[in-house]
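Listed after this line are the structures, all set down as structure tokens.
Look for chain A in each of the two complexes below; its partner is chain B in the first and chain C in the second.
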Partner chain A sequence: MNATQGRIYIKPALILFGAMLLGAFSPPAFGQNPKLDIKNLEPLAKKASEVVDVNLDGALLKLASKFMTSEDDQEGLGIIKNLKGIYVKNFEFDKPGEYSQADVEAIRGQLQTPSWSRIVSAQSKHEGETTEIYLMTASDGGTVLGMAIINAEPKELTVVNIVGPIDIDKLSALEGKMGIPRLGEKVKESSKKPEDHHEKQK
Partner chain B sequence: MNPFEEKLRNALRREAAPEGFAEKVLARTRGLPQPGEKAWRQFGAFLALPVLRGALAAAAVCLVIAAGVVHHERQERWRREGEMARVQVRQALRIASVKLNVARKKVREINRETPPSRLKCAVHERPQGVIT
Partner chain C sequence: MRNRSKLLACAILLFVLLQFLPATAVAGDQEFHSLVDRVSAYYQKRPMRFMGLLGFVANRFTPPGVGHLQMAIFEGIPSFRTPPGEELESSLEGLVGPGYQPFVRVHDNRSGDLSVIYVRESGEKSFEMLIVSIDSTDAVLMKMQLNPDAMRDWMDEPVEKGKGSGHRGGSSAGK
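Our next item is the complex of A and B:
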């Protein structure tokens, strides 16, 4: 075998070896990070009349759980117990058209990976409202690794990203507790309690 | 050897130390302060000054108070951050729950025959509804 032939065989072997190394050292959950990048929505805060921006990582959730001592907080405490992060961006605008579809698509694009499953997509063409719920589940199919909610209304945009094993039934069951209105009640006005006003940034 | 040399020789003649000389020397050195001991004694005397004692006590009190203030500030900051995090958690859960239930309600409206726990099943079934 001469040198040229040797090089021909070595090249694919090197590529294969490189690929194996990459596979060996990449984290097992690579591509399975349920945390979304929602920073692209931050400029919308300037246009919005009301903004709710919640960024709670694991450490802050742990800290918060130490202060959730009231009886009213116990349900919420059970939900956040094993979470690694909660990120919410909610913008309310005075008039429609303040945010673009590109803003929503930037988030939606991150959810188009095989690890995310869209479990609900409800569109109201009459009201111009879209709600999508995505879940990231572990490869065993049972454990929920994260959840994302995109709610786009003409004058409101909401993105919720929950990182960690979230129980959606428990989350849904918070209705009527912790100041959360029942769906029969007027959701828009009462979805934000006065106690949170200082948290809102204009 | 001349007389001068003779005198010098006699003068420089080795003589044995008187009896008990070494003991006497050692006894006297024991009574003398050691080189470091003197400095410590002076420092002790300096500390014994009433003005200095008062100043030291005041400084110690100030130090304790400052440490207390710093500790209290830290505790307060920790409590404030914790309270803020708690409010944020409640706010986030409220928004997430409301939006989740709005979507669930819509799906229920589309599929009236579907049981209320549809969403749980939907994890596998992936229903997608459109309300027009």
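Our next item is the complex of A and C:
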């Protein structure tokens, strides 16, 4: 075997070895990061009349937990103490039709990976409101690693990203708090198994 | 002569009242003054005068759970000092100093008003909120102390409360 032939055989082996190294040293959660890149929605900010960002990262959640001392707060406290972050992006528009579904694709596109499942898609034709709830589950299928809520109204768009383990049964304790919209019956009526996708009309 | 006596009486009364301000407020003042100085150096502008007095009066009318309100208003700031978007925010973070966590950010495209609300813990059961609100010509700094109930109101409705802050609704910030 001459030197050129040797290089030809060595090259694929090197590539394979490199790929194995990458696999070995990349974090296990790679591709399973429940934190969405909400910055992808920046182009929409130019169309909106008002943009509100809420960032409740680990340090602020810890701060929040300090004043959740009443009995009513105990369920909410149980959820947030394990969370790594709650991020809300709210766009308000002057008139309906100022944003399109294509604009929302910047976020939906990130939720198309196998680890994300849409558990609720509710539409109110009367009010023109759509709510989608997605869950990211661990490979064991049981632990919820994160959650995303897209709430689209004719003149308002809200994206909520909750990062960290969530007990879906207790989520109602956080509804209407920390920028999380009131989900009402949407969660309750949905399946508790994230694999089942439910579509319902209000 | 009577007017002068009235003015003197008011000044004495104000001086006496200021003596009863809690020590923590005075300590907070020093930090706020240093923040105002940093912003002042950045904009190369002095803040409006009598803000201390205005803050003292405003403190009488703050909503429950909100206190130690301090403010500074900078008028006629040079536009090149208010670059758009992220550049301005990173400048702000450098100015407000360590300890403060950015909590809510509101950008009003209609007026060009950007408000960033920072929070930090202050003692055992108290929180400090710093609101920086900037448009193309003015900048407003507001610092206040919130008790757990007032802070809880903010945590419950950060989007709505954030929309109420800033130039247009700054006075309602603590409500």
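The working rule: the second predicted complex is superposed on the first by the 147 of 202 C-alpha atoms of A that agree within 3 Å, B and C clash if a C-alpha of one lies under 4 Å from a C-alpha of the other, contacts with A are read in each partner's own complex, and residues count from 1 in each chain.
Methods note: contacts are C-beta pairs under 8 Å (C-beta built on N, C-alpha and C of every residue); 3 or more make two chains touch, one makes a residue touch a chain.
The structure presented is a predicted model; accordingly, all values stated were derived computationally and were not measured.
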item: Which superposed partner A:Q123 touches (first chain B, second chain C, both, neither); value: first
item: Partner chain(s) touched by A:L171 [first = chain B, second = chain C, both, neither]; value: first
item: Chain B versus chain C as contact partner of A:T137, first or second or both or neither; value: first
item: First, second, both or neither for A:S115, with chain B first and chain C second; value: neither
item: First, second, both or neither for A:E50, with chain B first and chain C second; value: second
item: Contacts of A:V160 with chain B and chain C, given as first, second, both or neither; value: first
item: Contact breadth on chain A, by residue count: chain C or chain B; value: B
item: Touching partner for A:A64 - first (chain B), second (chain C), both, neither; value: both
item: Chain C-contacting residues of chain A that also contact chain B; value: 52, 54, 56, 60, 63-64, 66-68, 88, 90, 158, 178-179
item: Partner chain B, residues of chain A touching it in the complex; value: 52, 54, 56, 60-61, 63-68, 73, 76, 79-80, 86-88, 90, 117-126, 131-133, 135, 137, 149, 151, 158, 160, 162, 168-169, 171-172, 174-175, 178-181, 183, 187, 191-193, 195-196, 199
item: Sites on chain B touched by chain A in the complex; value: 78-79, 81-107, 110, 117, 119-120, 122-123, 126-132
item: Sites on chain C touched by chain A in the complex; value: 101-110, 119, 121, 125, 127, 148-149, 151-152, 155-159, 162-163
item: Residue ranges of chain A in contact with chain C within the complex; value: 45-46, 48-57, 59-60, 63-64, 66-69, 88, 90, 94, 158, 176-179
